[in-house]
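Heads up, there are several structures right after this.
One chain, chain A, links the two complexes that follow: it is found with chain B in the first and with chain C in the second.
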Partner chain A sequence: MAWKIIRRSKKRHLITRTLLALVLIPVLIPLAVTFLYSFFSPAEIKAFLDSRGSYAGTAFMEVLLFPKTASISQYYTILIKDMSVLRMFANSAFYTVAILAGQAVVIPAMAYALSRFRFRGREAVFFLILMLMLLPFQVTMVPNVLTLRSVGLLNTVWAVIMPMWFVPFYIFLVRQFMIGLPDELFEAGQIDGCGPVRCYMHIAVPVCRPVIGAAVALSFADNWNLVEQPMTYLGQRIDLQPLSVMFNQLVKTPTGIEFAGAALYILPALFIYLYFQEDILSGVQLTELK
Partner chain B sequence: MFTRKRSLWLFLLPGLAGLMFFYVLPFIGGIWYSLTDGSYKNSFVGMRNYLNIWNNTMFRLGLKNTMELSAICAPLIWLLAFLTASLLMRIRPQGVFFRSGILLPYLMPSSAMLLIWLVIFDYGGVINRLVVLLGFEKVKWLEGSALRTPIILLFVWKNLGFATVIFLSALQEVPEPLYEYARLEGAGFLKQTFGITLPLIIPSAFLVMILEWINAFKIFKEVYFIGGAYPDESVYTLQNYMNNMFSKLNYQNVTTAAYSFAVIVFALFGILYFTQRRLLKRLG
Partner chain C sequence: MKMRRFALKGILILAAVLLICAFLSGTIMSLTCAKVKLVTPRMGKPEQKIELDVEVYFPETEDIQPLLPAGITYTITAVNSRAGYTASSGDVILKAEVTGFDEKSADLRKSYTQAEEALSKLERQEAQLRIREKDEEYVRAYRQRHEASEALLLARVTMNVYLEDEGLTYESHEGASEKCIEAVSAFEEAADVLSRAENEWKKLENYNIEETVYTYLTDKYTYQKQMRDAEEGLAELIACQTKGADIACPYDCYIVRINVQKGDTWDGSAPLFQISDRRSTLYLRSDITDREEKISKNSTVTVKTGRYGMEESRVRDIKTDTEGKQYAYIDLNQDIIDGFGSLYAVMQEKRTATIVNRSQDPLCLVPVSAVHGSGNERYVFTVETKENSLGAKTMTVHKLNVSVKSEIESIAALEDDISWYTLAYMEDRELTDGEIVMEYSD
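Entry: the complex of A and B
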């Protein structure tokens, strides 16, 4: 009887694992192939990409799995020979860091105010944040452009950076975590003589480490993939555009180094993910809207 | 809970000021634009912009596509995420590899995935090899109405993991003895799902649906990457329309379109929210 149950559960797990693998394989293949192709020689990749768009009835592109000669010359071109891609990469990095720095000041503090203080209008502010979460970027785009222009920030990096400091979703995310913290935690702090500020520094922030880590990671992903904001706020400044906006220009006339560009762009995101993944799994406690 | 503390303002004010300046005031100020004619004198025209835009074929095309794309993407992600999370629960506490693998794309820049997407979905690409292998005709994925498929798949690819994580944290709250009891009674996976799991995770299930729908309403990046600023009419979204009107400096049309859309969005989420409330009341 007992062994039968064990065998059945093992068998069920086998099916479960197979099904999960069926989900996971298509998810991971595009990433793996991007890295694989970044080690092909530029000439081979260019020939491969130029074979796209052929409408011959039965002709297929090759399925490239092994490079004729493994090479790092794609990376060499991007990192040393021609730095134009690298410059856009640096732009992306600058936006990401600047946005995260501002968010670190604004977002946990706002979440703290909305979860640990009782004041009139608290529910109204929270409701406002929920409503703002729903709005697509384009709704506030035009008035924002006009305001930014009148204060002289349009077509500067600040036009992209500053509005992102206040993204409602992250306030929501952190607030949902903080409101679930037990009151005793803060009462203990108050008994020890901590005011709200010290409770924030010594209790709220350390205890919220998972959700703050999760917010950093999710926000990183957003900032690293900016498209709409730079397109509208930096219209005339090609030199300030991040790499995420320029990828589809690069792809139009491939020179064979695009996969290394993509791989390099994925790499920081990969590190961030590996570093913060446990935080995302334990920090995202969005179980309901309350 | 802190009450009547002055330091509240220290925490609240920076965020609130920023929200006001970059979100709320533009939102309110924009209403004025949608009610004026944009000429030198900028005179008040009432609802004329709204009438014009609702008769504009490109606006209606964009609205229709945004609605359709989000109505495909959000439920698709919801369902896939629920199934994936249920599967992950069965092999818990193992399966760390699967869990992290599925969440991985959420952090990946989809801009960098564009190239591999174009290769995979090329007329001579791997997807068409599979299609032929299964005995069908090759499909032109990158043009015409088939363009929706790679766009939707890129969107699902990126967003599936986060929805799965929310479901996972909800599923972990469901007490395990309930399932044991159900299994003793001979209930299968479907019965357990509809009898135990779903009723107990209604709030999260709605939250996933709402968050994914919000995301899907904002779908633009994927369209812009694969289809450009003027994509095929099957994927021309409202965001394409607004961005193009914006680059033509037609601010009246952008804001009018934006507010028309905002009203629809608020109405839809209002309905979703109250459905959830009523459902919870009836069950609980």
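Entry: the complex of A and C
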């Protein structure tokens, strides 16, 4: 009987794994192709991309699996020959780091204030934050532009960075986690002489590390892929645009370096995800449990 | 934890690689990119200045070479002109005298006197001799035959020398030179004379003349001949002395060259001087055999006459002589001569004339180093500057075929109008179509 149970269990796992694999393959194929095609020569890739609009609609488009000549020319071009991609990559990195740094200061503090303190208008502020969270970017875009122009920040890097310090979703996420923290923790701290700031720095933040980690990872992904904000607020400053915006321009006219650029673009997000993988999972779980 | 460490290492390595690439990118691109200088073609009329060394040239000349008898030479006592001078008809150019005139005339007079005295003595000694007419005829015929025989010998030797020289014989001398034919005629004439003398002698051969009469008549004829020769020689000597005293120009002329100087001895084998009729056109001639530039007829020429003077002339003709040398002939007009002062001044040293060739139509001018290729396959590299969305500029060269009309010094004139292009030149390595280049910063 036991072995029947074990066999049944293994069969279930096999089916599960097969289903997961079937789901995984379409997800991973673009990633694998990106890295594979990044080692094709630029001329071959350019010729392949030029054929995009001219294949017969009744047949599948040809898929290249092996290059005629394996080459690192694409990487040579983007890393040495043409610094445009690197410069835009640096812009993306700058925005991400600056936004994360600002969010690291602002969001936990706001969440702490909204969760641990009772003051007049607290619910109204929280409600506003929820409303902002639900509003799409396009709704707030025009008021933001007017505001930034009036303070003279339009077409500067701060037009992209500063509004992103106050992302409602992460305030909500961290606040919800902080609400679930037992009061005894803070009381213990107060008994030891901690004021609100020390309670925040030494109790709230360390305890909220998983959710803060999750927020960092998710925020990194958001900021690394910023498109609308730079396009809207940096319309006249092409040199300040991040790679996420300029990639579209690069792909419009094939230059043979698209896949190497994409592979380079994927790597930081991949490493950040790997670093915060546990935090993302535990952070989401804890939030749910709470 | 392992995953975190792996992710951290990955981020750091990625950051390091990107930083290193950003740091070295400029250096590597500077090393690997071809460096060029940029130039914009301009429209213009190319002008080529060709400097020629010229000298005065007289197209028609005449040698002055008086005939001298054998054995007589002149000693030049005065030279009254120089090359480049003008002379009128009758102007004395040289003065000369017979070399050793006094000694020669004294010798001739002495010979005459000796012969005369000897003849007188003979006449006195043989006053009683009876001379018949036949005796004189006999001696005369004998002497004529003897002289004819000597003359024939001389003529035959001269004729044989000419015939041997030309590889002919007397029996078949068709196609012989003029001098050879003259020698043959002289020989035949001498043979006729001998034949006549022989016939005359035959008539008198058997005449029995007395020995004393024969001796008297032979000696008499000898002394008379000696006196005759001395007299003729003296007359010839005096004639030469008189002729050489003033050697003049036969007509109005330029003195082209004087081959003798005061004190020189002249034996008549070469001309004394050379003249050119003043009515003939003079030229400045330049050897253009090895010139690569194209020099054409009627090109304008400027001649610098002195520090500030410039006179214009034209290339009248371009000719190749029998040795294959090519010459350009430039009119030597009176303005140029006056600019230098005189023809003599022009001839003192080599002069320089400048030909200016200017294109009629405006052409596209580029540096010669910007034009590549050879023959009919000439091309230039145009530079296209592209600016990407970030403002980064890259320069790419593209090959463009052109037609080169001419190359003058460091400028090439193109038939195509490419003045709106920017061209690459003075590249530090061979360029290929579509290659990215950088501009020299200094």
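FYI, the second predicted complex is superposed on the first by the 277 of 290 C-alpha atoms of A that agree within 3 Å, B and C clash if a C-alpha of one lies under 4 Å from a C-alpha of the other, contacts with A are read in each partner's own complex, and residues count from 1 in each chain.
Here is the rule we go by: contacts are C-beta pairs under 8 Å (C-beta built on N, C-alpha and C of every residue); 3 or more make two chains touch, one makes a residue touch a chain.
All of these numbers come straight from a predicted model, not from anything done at the bench.
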*Mind checking chain B and chain C on superposed chain A, clash or fit?*
fit
*asked:* Between chain B and chain C, which one contacts more residues of chain A in the superposed model?
replied: B
*Would you check which partner chain A:D192 touches, where first means chain B only, second means chain C only, and both and neither mean what they say?*
neither
_Which partner chains sit in contact with A:D50 here, chain B, chain C, both or neither? Use first/second/both/neither._
neither
*Name the contact category of A:D239: first (chain B only), second (chain C only), both, or neither.*
second
*Angle at chain A, chain B to chain C, CA centres, as a multiple of 10°?*
120
*Have a look at where A:Q277 lands relative to chain B and chain C in the superposition and call it first, second, both or neither.*
both
*Considering only touches as defined above, state whether A:L86 meets chain B (first), chain C (second), both or neither.*
second
_Minimum C-alpha separation between chain B and chain C after superposing on chain A, in Å_ = 12
*Looking at chain A, which of its residues have contacts with both chain B and chain C?*
270, 272-273, 277
_For the complex, give me every residue of chain B touching chain A._
1-5, 7-8, 10-12, 14-16, 18-19, 21-27, 29-30, 33, 80, 84, 87-88, 90-91, 95, 98-120, 122-126, 128-129, 138, 140, 157, 160-162, 165-166, 168-170, 173, 203-204, 206-207, 210-211, 214, 217-218, 220-221, 224-225, 228, 238-239, 242-243, 246-247, 251, 254-255, 257-259, 261-262, 265-266, 269, 273
*For chain A, which residues are in contact with chain C within the complex?*
79-84, 86-90, 238-239, 241, 246, 249, 267-268, 270-275, 277-278
*Going by the contact rule at the top, pick out the chain C residues touching chain A in the complex.*
3-4, 6-8, 10-11, 14, 17-18, 21-22, 24-25, 28-29, 388-392, 394, 436
_For the chain A and chain B complex, residues of the former touching the latter_ = 12-13, 16-17, 19-21, 23-24, 26-28, 30-31, 33-34, 37, 48-49, 51-57, 59-61, 63, 105-107, 109-110, 112-114, 116-119, 125, 128-129, 131-147, 162-163, 165-166, 168, 171, 183, 186, 195-197, 200, 217-218, 220-221, 224-225, 227-228, 231-232, 235, 243-245, 247-248, 251, 258-259, 261-263, 265-266, 269-270, 272-273, 277, 280-281, 284-289
